[in-house]
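Pasting the structures in now, so scroll down.
Here come two complexes built around subunit A, the first alongside subunit B, the second alongside subunit C.
What follows is the complex of A and B.
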């Protein structure tokens, strides 16, 4: 019988190999050298970039977890993107307003961000349970509305900075220094990146060790069985969706509260969009499991950060080619899991047959 | 579980594909350009001067905004200034290009990479580099940075950064006057890409210029998007907005909508003889298809090339530009184009208005 661990590792490795081959093909097609390309991509990053990878990975991890909470019960929350945009705006406005002193301000902003994310996610959840609207459609639409809404609020109530608008910058007392693993000039791991660790642990604990987590998984695997065991599916949909939105609300906060010279506020250029979609891909890659999502986040963050080195190394490809690599990984991993799953099933069947045959032989001997 | 994975895969791939679509408009030309350099299949935008320059003059780093070289507008204008400097000062250069939706850290890394290789000056093309420059400049006190349309995001002034702004309202005033002098119906229009403070500056100048000629003139105003930057890359939206104006009796429409302007020109061409459009940023008569050229009255010029060239020249002269610099009419930073000869008959009047502005006439910056 094929051990579970082997099949769990085999599929991602196959997917990565396929992604390397296909990306190399694209690199050759646009006329650059794939050897140079991978030399740059796979080189060890500078200290500064090691920290950037960790920071980016923490945000991607939060996003992946937000998506995974929904996926665990067959809810496709494609709206993580809009949820964290709205939540980030709310948190930035509140934190910039400095209504509370120092640490209290940060805690209140985090809670508000979670509430805002949950509220934005509650809209498709309520629409689904009361009107039967597919959450895939409504969350995608709400993503577009979130862009419009935050943009409208920003351009009407935001602070003017030259010809752009932003929320009021955070006061120094509300910024967090982070963990300087190397020299000062290399920057720091953002303090709130720790949120990723906390959320990752809670996610594992709630899903695997609580009644709620069991109900959630049960609803995802077999809805009628869950109903039979007394689970209210409607309540589960709303709760899971709001939980997903609350986690989504945290995504951009590590960046917002980090002490940097590049803007502690929400504006069109500082806010990092797109993390919501990356999270969906990473949740898929990590099979909705915290360790898998963590590894996937590190991989995606690593690829993204390394691609910034391409133009300096004189590799004549756009750094957008990394999007191809990431996309191919997601596609191939689905195929690879399917293939490995079939191998495993076949191997299991053979093992069962062998055991049965052995048993039958034994009985014959005994007779 | 298997079904879950499949559906999740499909939706994630769709999400990524959507993200890909929006990216295409912005970055395809830049990608094409790099592809053509290596394969020489298309000679559209040609090779960059940076690949052949080997003089012993200044080393210039140019960090483009999304779109990069080949966008026939903003970024290309900066490139024109660079090309002139390479020619004149034996400069060498390096070009970097932003990817859509990239994090702040990627922009910073681009600037740091150039600084580490000794490029000086380093020019960020577009306000989105403001924060990144603010973060990087203090670490490289011997290197001068410039940001087109930029601003200082915090209170600490940087003494090695120049913020190169433009008096778009003054240039718009002149094309507004031109429109009012040329219109047969006393009815003109304005199409803005995004309803932001920057674009309102164009609108305010345009309306003021038109009213200076004829205070009873009717000016229709439409913005394609309220806040989404997609309004700068939406030719269909530009066409719809302009067509509506021509239908309602306007005969001249000025656009400040970046790539969406192609739709405005199309609408003018389809509306027939005597219908005009006014271009923006660069002399768009020169890049428009032949059938549209008879409809492009003039263009409001925003001389990003002058700002870029001046920045480089100031380094050569040993007197680097720092702090805020506004390129206005008096310094030839803005103006109007005469290609096509359609405004030759009113050039006397326009020069009169230009002299008034140079003489101290205040042009409003907000409607």
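What follows is the complex of A and C.
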């Protein structure tokens, strides 16, 4: 039998190699030197950028986990993007309002963000179980609605700042300092990046160790068998979708509450959009399991941060070429997992046959 | 049992001989030791109940699947197909039960599609189509749109497609299933023409009247292998039915009755409607006592699956369902399982297993709210695994370990695991839908033994089966279901398969119009 570790590592390695080859091809095609390109991309980042990679990775991880909760039961929550946008806005309004003192304000904002994300995710869930609307369609549309909704609210109720509108910035007492791993000027790992660790552990524990997680996985693996086993699929759809949305609500909070981040309010320039889609890619890359998602998040954050160096290093390639790399990784990983999965299934079957031949005499005959 | 290999070239060019074909799929042996000799220029019927391995054999003959063992000889030449193209090359053509025609194209376009190299796509092809159509009385106009054609004509287009590609040996998969009697007669006339011109026809069916009417030779398949041959001039339907259903198989003899007078399951006025308001089940009244096995006989598709799913609350029917005296109409599937209903589903891959999960997780499935699988809201891995080992030992599930994925096991072993699981936690009622379908003989006997033992201990069993011997052998009482109603009750000690077959088809012994209802007797069990 193929060792589990080998088969687990093989697919990502194959995908990475393919991504390197194809990206190099693109780099050559646009007339730059792939050697220079990879030299920049694979160089060790500066201290400041190490921290940026960690902060970005934690947000991507939260997003990947949010997507993975849905994926685990074949629920395609493409709406993480909209859910964390709405949740971030709600949290920023509440936290900026400073209704509660210091730490309490932070905790309340976190809870509120989760509730807002869950509520935004509940819309497609309810549409799906009552009306049979595909969650793929409705979440994509809700992403667009989220952009307009937050934009509308900002421009009507937001505070004027220069030529833009924003939510009221957080008071100093509700901001978190973070962990300064290097010198002060390099910045810090945002405090709420720790949410990624907490969420990662809870995700693993709930999925693998609880009855609820079992029901969720069973529904994902074989819905009709789950129904026959007594799972109420409708209830699971709503619960899983809302959990997914609640986790999505956390995505941008590390940034919002970080003293060292560029802005402690919600505005169209400060809010980092797109993390919801990156999360989907990373969930695919990490096979919906927490360790895989963590590695995928680090890889994507690393590639994203490194690509900003291309310009400074004088490599004549747009840093958007890294999107090609990321895209190719996701595409090839799906294929690679499938190939490796087939090898494993065949190996399993050989193992069963071998084990049975060893001790059994007569085997089956069937219709 | 096996055919003596004959000189396969004796009857001219179009003979086919299949020797020792075995085909395994993950978890199941679909064909084993299949031997058939088809004389050239004859209509050879291949009969057997659903799941007997006919389709797999056809696919092997047509190159869709490769056999693991055995040889195929066409016109005296041993051949090996890696795709249907190879089969077409040696002159084998196949007409599938479900037509593969493009409705918005003409007959000509459909026929030449994919065979443009043969006669082009213009007048030469048209001439060839007209020639074939005239030669065998197909009466097809090459320029008609397929969407305007009736079912019988479409079937002729399919046959024409095959002939156009030069087939001399034609496989027809249940060709009459979609036809009304007049169309069947017309088809048979076409087939006789084809035979007269030297074509060989392999005719797959389970309609015995038709087989006797058209075939020159008959081969019977059961449980994946060829079990006998019959001469249509002398064979009777009864003999064929017996060969198909297998009355000489080890029969599950029940010992003395253990039926008590405690009513365990009681259904009254249970009805179920489909989306369009038609009755899938109508006014079902039934009772099962402790220690009793109630068998449900019926041609498949008459409401058995719906009855089971209604009792399991997987579908919402109307009427009352009482378990051990308590009304459980409001209980959902999980609550009903917790009350002690075990469920061996008809389709174990669809309803019974998580194929890509290890065996111990499959042990938890359906019992994920009960000990030993859980402690509070958490899965108790240790105890669940321990109990999985108990099932593996007690039910002789052959597997290298409980961490093996369910997919890797054979059908029989998967089924033993399911039966073991559903017998766990002291069920009071077991719903067993086709519990031994697609499992090997050894596993079948074991599963029967487990059901019998549980019955002695007071388990009530609702048994649904297409195997009349299994029904008669295991049941204390048999109810017949027809078009969603229970239409008759029989005592298995005195009933004959003929009585049952007659009740299952609505008391008619001859042709029926309804194609879901087979023609007669033993055949009913077979469909």
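To be clear about the criterion, the second predicted complex is superposed on the first by the 343 of 367 C-alpha atoms of A that agree within 3 Å, B and C clash if a C-alpha of one lies under 4 Å from a C-alpha of the other, contacts with A are read in each partner's own complex, and residues count from 1 in each chain.
The working rule: a contact is a pair of C-beta atoms (placed from the backbone, for glycine too) under 8 Å apart; a residue touches a chain by one contact, two chains touch by 3 or more.
This one's a predicted model, so the numbers in the text were calculated from it and none came from an experiment.
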{"item": "Partner chain(s) touched by A:330 [first = subunit B, second = subunit C, both, neither]", "value": "first"}
{"item": "Partner chain in contact with A:221 - subunit B first, subunit C second, else both or neither", "value": "both"}
{"item": "Residue contacts on subunit A - larger count, subunit B or subunit C", "value": "B"}
{"item": "First (subunit B), second (subunit C), both or neither touched by A:212", "value": "second"}
{"item": "Contacts of A:345 with subunit B and subunit C, given as first, second, both or neither", "value": "second"}
{"item": "Contacts of A:24 with subunit B and subunit C, given as first, second, both or neither", "value": "neither"}
{"item": "Subunit B versus subunit C as contact partner of A:191, first or second or both or neither", "value": "neither"}
{"item": "First, second, both or neither for A:55, with subunit B first and subunit C second", "value": "first"}
{"item": "Contacts of A:168 with subunit B and subunit C, given as first, second, both or neither", "value": "neither"}
{"item": "Footprint overlap on subunit A, where subunit B in one structure and subunit C in the other make contact", "value": "221"}
{"item": "Subunit A residues touching subunit C - in the complex, by the definition given at the top", "value": "208-215, 217-218, 221-222, 224-232, 345, 348-349, 351-352, 354-356, 360, 362-367"}
{"item": "Subunit A - residues contacting subunit B, complex", "value": "30-32, 48-49, 52, 55-56, 71, 74, 76, 78, 136, 147-148, 150-152, 154-155, 160-166, 169, 185, 220-221, 255, 260-263, 265, 268-270, 272-274, 277, 280-281, 283-284, 287, 304-305, 308-309, 311-312, 316-320, 323, 326-327, 330-331, 334, 337-338, 341"}
{"item": "Residue ranges of subunit C in contact with subunit A within the complex", "value": "26, 28-30, 32, 51-53, 223-225, 312, 314, 332-338, 343, 345, 350-357, 361, 364-369, 374, 377-379, 381, 398-400, 404-405, 407-413, 437-443"}
{"item": "Subunit A-facing residues of subunit B, complex", "value": "1-2, 4-9, 11-13, 15-16, 19-20, 23, 27, 30-31, 34-35, 37-39, 95-97, 99, 101, 103-106, 108-110, 112-113, 117, 127-128, 130-132, 134-135, 138-139, 149-151, 153-154, 163, 165, 195-198, 201, 226-229"}
